[in-house]
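Labels run A, B and C following the written order; every chain starts at residue 1.
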Amino acid sequence: MSLQDYKGILVFAQQFDCQISGVSYELIGKAKELAADLDTEVMAVVLGEGVKSLADSLVAYGADRVIVVDDKELKEYTTEPYTHAMVSVIEKYKPEIVLYGATAIGRDLAPRVSARVKTGLTADCTKLEVDAETKNLRMTRPAFGGNIMATIVCPDNRPQMATVRPGVMQRANKDTKRTAAIEELNLEFAKNNNYVEVVEVIKKVTDKVDIMDAKILVAGGRGVGSKENFKLLQDLADAIGGEVASSRACVDCQWTEKEQQVGQTGKTVRPNLYFAIGISGAIQHLAGMEESDLIIAINKDETAPIFDVADFGIVGDLNKIIPQLTQKIKAEIANK
Amino acid sequence: MKIVVCIKQVPDTNEVKLDPVTGTLIRDGVPSIINPDDKAGLEAALALKDQLGATVSVITMGPMQADAVLREAMAMGADDAYLVTDRAFGGADTLATSTTLAAALKKINYDLIIAGRQAIDGDTAQVGPQIAEHLNIPNVSYAEDIKVEGNTVIVKRQYEDRYHTVKVQMPCLVTALGEMNTPRYMTPGGIFDAYRSKEVTIFTRADLDVEDSTIGLKGSPTKVAQSFPKSVKAAGVKVTMDSEDAADYIVEKLKEKFVF
Amino acid sequence: MDFSLSKEHEMARTLFRDFAETEVKPLAQEVDETEEFPRGTVAKMNKLGFMGIPVGKEYGGQGCDTLTYAMCVEELSRVCGTTGVIVSAHTSLCAEPIKKFGTEEQKQKYLVPLAKGEKLGAFGLTEPGAGTDAAGQQTKAILDGDEYVLNGSKIFITNGKEADIYIIFAMTDKSKGTKGISAFIVEKGTKGFTFGTKEKKMGIRGSATYELIFVDCRIPKENLLGAIGKGFGIAMTTLDGGRIGIASQALGLAQGALDSTIAYVKERKQFGRSISKFQNTQFEIADMATKVEAARLLVYKAAMAKDTQKKFSLEAAMAKLYAAEVAMEVTTKAVQLHGGYGYTREYDVERMMRDAKITEIYEGTSEVQKMVIAGSVL
């Protein structure tokens, strides 16, 4: 079995409740670019129960081939049946590259698969490119809490596997007229000691908009000072049509919810406009938002690192500035 | 019940700064700490010890100075510790690291292995599940809560928008989330016990049953082609003005940039 | 002679520093302004064994040395003088004499709960007419059958009313002068033992400083601590140890003021640059840093002497004298270097200055320390 025998790019298309997660489409989008460089095809694999119909959207977003493994053991995510399925697919289709979303599923599934298949896995890649000479995948990712970037290669093992955070890659345009091969793979799922039991599924009740979908974010940090004071940010968000987000410090203090956390262990966001209010700009936070189109920072400490990435930085007291800003924005909008 | 907690000594990346001139990391004087997710895992283990009388061992792979985190863990209440250290293990990626740790764990008795979800220097979250694969035991990641009933571990497994309550039979491995608890402080007496009456057992290459080809640099399918500091985004404009002027300034900029 | 700290002591400092920064510092200003005894903090320290650091494990303590205890008081005081003295008074002035002079029964009954942090301790020697002249005790203890009957009052008692266990000194035989003073263990709640005035103080305002009132207070005769008539010696020996605690408190206050000032002068800009660039600032800080380090060496030496030498009064007196004076000087300079802001309660240096003053006075004034030192040296 030589490296040459491995061809094609496989995308693990994650789904929850028979709905494909957005990151899957982003991965297919990126895979298409890589496939062009490698002159090969993009395969997507979807695992679950009753998921056959999901194949169509994967095709629409660019998959050249969709593999469906449909079994009751795959209804809810658990490590072993999903690992068994992925490994079987990899052994059958021998892709040279496998991509997973760096999600709560992907970051559990991919390592287990990589250890079983004995290949290399690179986590949280922000950039994927094909090396022009070797045709190996160059996987670039942040390390050291985001302080440095490292480019990783997996020259001697196949497949080359990578996980990618949601919101980093771009999905291709949807084309519902596209067609592609859809194959069902029947596998046996015999329970062994690695199987676990999902006793309960509890959805988090939230009517908040996912901050990753918001075009404008009003984010607060430790400088906001209290849960109550976040009202200032909520007022601004309401006025300008944005959502409230925060740094990890505020989540740890329970001023905001985990879903609102931006940063290395939170969400990566790329809104059009990001207000960084009372946020010092620790590297872990910047990792989650520095790709925002326009960053406006307000902090009373002029040495705060956030000012190094802000397009516009105001040194001042957020408690005085934000209410006035909210007023003026309301006035501007009213005048239009 | 025997619990083994995998911990890692990491630089406190909250304190690491970039040299503004060279763009490289300033690592000198950065304190070393127990990786936060691991510390939460350790606290979960100690809570189970308080509750059920389990024994808690800690294990780490690293250079000799990683001894410090083992001592800290014992000062918090862990009973004993293992240091897996050898030049041969150096340069390892997650696959080689997990292979080495799994070989060490095979030498120790365990019912439950707890590891932190990810380390703040590598940030991969890979070693935990990979260890479980090498040991051929079930793993549940992203634990927000860990309970034990008889031979069953009950995990509150976190996803982005939901939880699963998962039951898994021991022996098994669980990875812990930093937010699952607030780790206890050491005690003064615990610190002296950790250094003077508790044991750190050292495992070197010779002690482990592994092939050379699976450990260290040789055992690492992934290799670092290049590392470089993050390209610094060109700094923008920074102004100091009174609050009303500041508000006007921002509105003006928003208009310029077509936010309105 | 190795001046470096062992790994255990370094780790202990990290523990105390983390605890102080996380649990104590955020409350320091409020404790000072409300003058409320920080019970929540004490409860946390109880659970971590901070209240029994130098007491042996066989009595429920942590089994550490005096240096570890001194570092605890230092780190707590660095962020909050009040919290530091609570631990110091409890440990040095109450737990320690029982450890040194108590019977086995007394240790089991009193030392164990003190060391475990289940009970808080205090020490009552000072009276309205007996401060530096400690021998001028007016409180009387008369043996009546199986009980001693206490009558009198004590003032300026740290941990007063909050504490459960008190070491009380009283005159058992007026004719014998200092050899007629004895020590007793008195529990809060004993009939005839009440609390009077709570002092309003310049500093360490969260520390509970109370008058103790004894009116026909009957205690079992088993509560005599040490031999009859030996109370004065017990008080003096106890105060030697207490001085190490107070010296640690003073050291912590000085270090805290120095740290705050270093941060401030780097940030504060005048005349187009940070004031840390001006030579006066640099020279003042150099002076402050040197004195704090000198104080540290004296304090740590005294702490080690207590564990290794029979007599350590000289070392303790030098440590307390010097550290207290350094604390007063450094905190005052800290306020000065902060300028107008240093005088406001927005910054913590003014509180540190107010807290520092008492270290030159209690547990033996600086003058008393000089008497001890001169007595030893001449």
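The rule is short, and it goes like this: a contact is a pair of C-beta atoms (placed from the backbone, for glycine too) under 8 Å apart; a residue touches a chain by one contact, two chains touch by 3 or more.
Note that the structure is predicted; figures quoted are calculated from it, not measured.
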Using only alpha carbons, which chain's centroid is the nearest to the whole structure's centroid?
B
Count the C-beta pairs in contact for B-C and for A-B, then report the pair with the higher count.
A-B
Between chain A and chain C, what distance separates the C-alpha centroids? Give it in angstrom.
55
Averaging C-alpha coordinates per chain, one finds the centres of chain B and chain C separated by a number of Å equal to 40
Chain A to chain B: how many Å between their CA centres?
21
What residues on chain B touch chain C, complex-wise?
68, 71-72, 75, 185-189, 191-192, 194-196
Going by the contact rule at the top, pick out the chain A residues touching chain B in the complex.
16, 76-80, 83, 103-105, 107-108, 110-112, 114-116, 118-124, 138, 142-157, 193-204, 206, 216, 240, 251-252, 258, 264-265, 272-273, 282-284, 290, 294-296, 298, 302, 307-317, 320-321, 324-325, 327-329, 332-333, 336
Interfacial residue positions of chain B with respect to chain A in the complex:
11, 13-14, 16, 18, 25, 93-95, 98, 118, 120-130, 132-134, 136-142, 154, 158-169, 172, 175, 178-179, 220-230, 232-233, 235-244, 246-251, 253-255, 257, 259-260
Counting only contacts in the complex, chain C reaches chain B at residues 6-8, 11-12, 15, 18-19, 48-50, 53, 57, 61-64, 68, 72
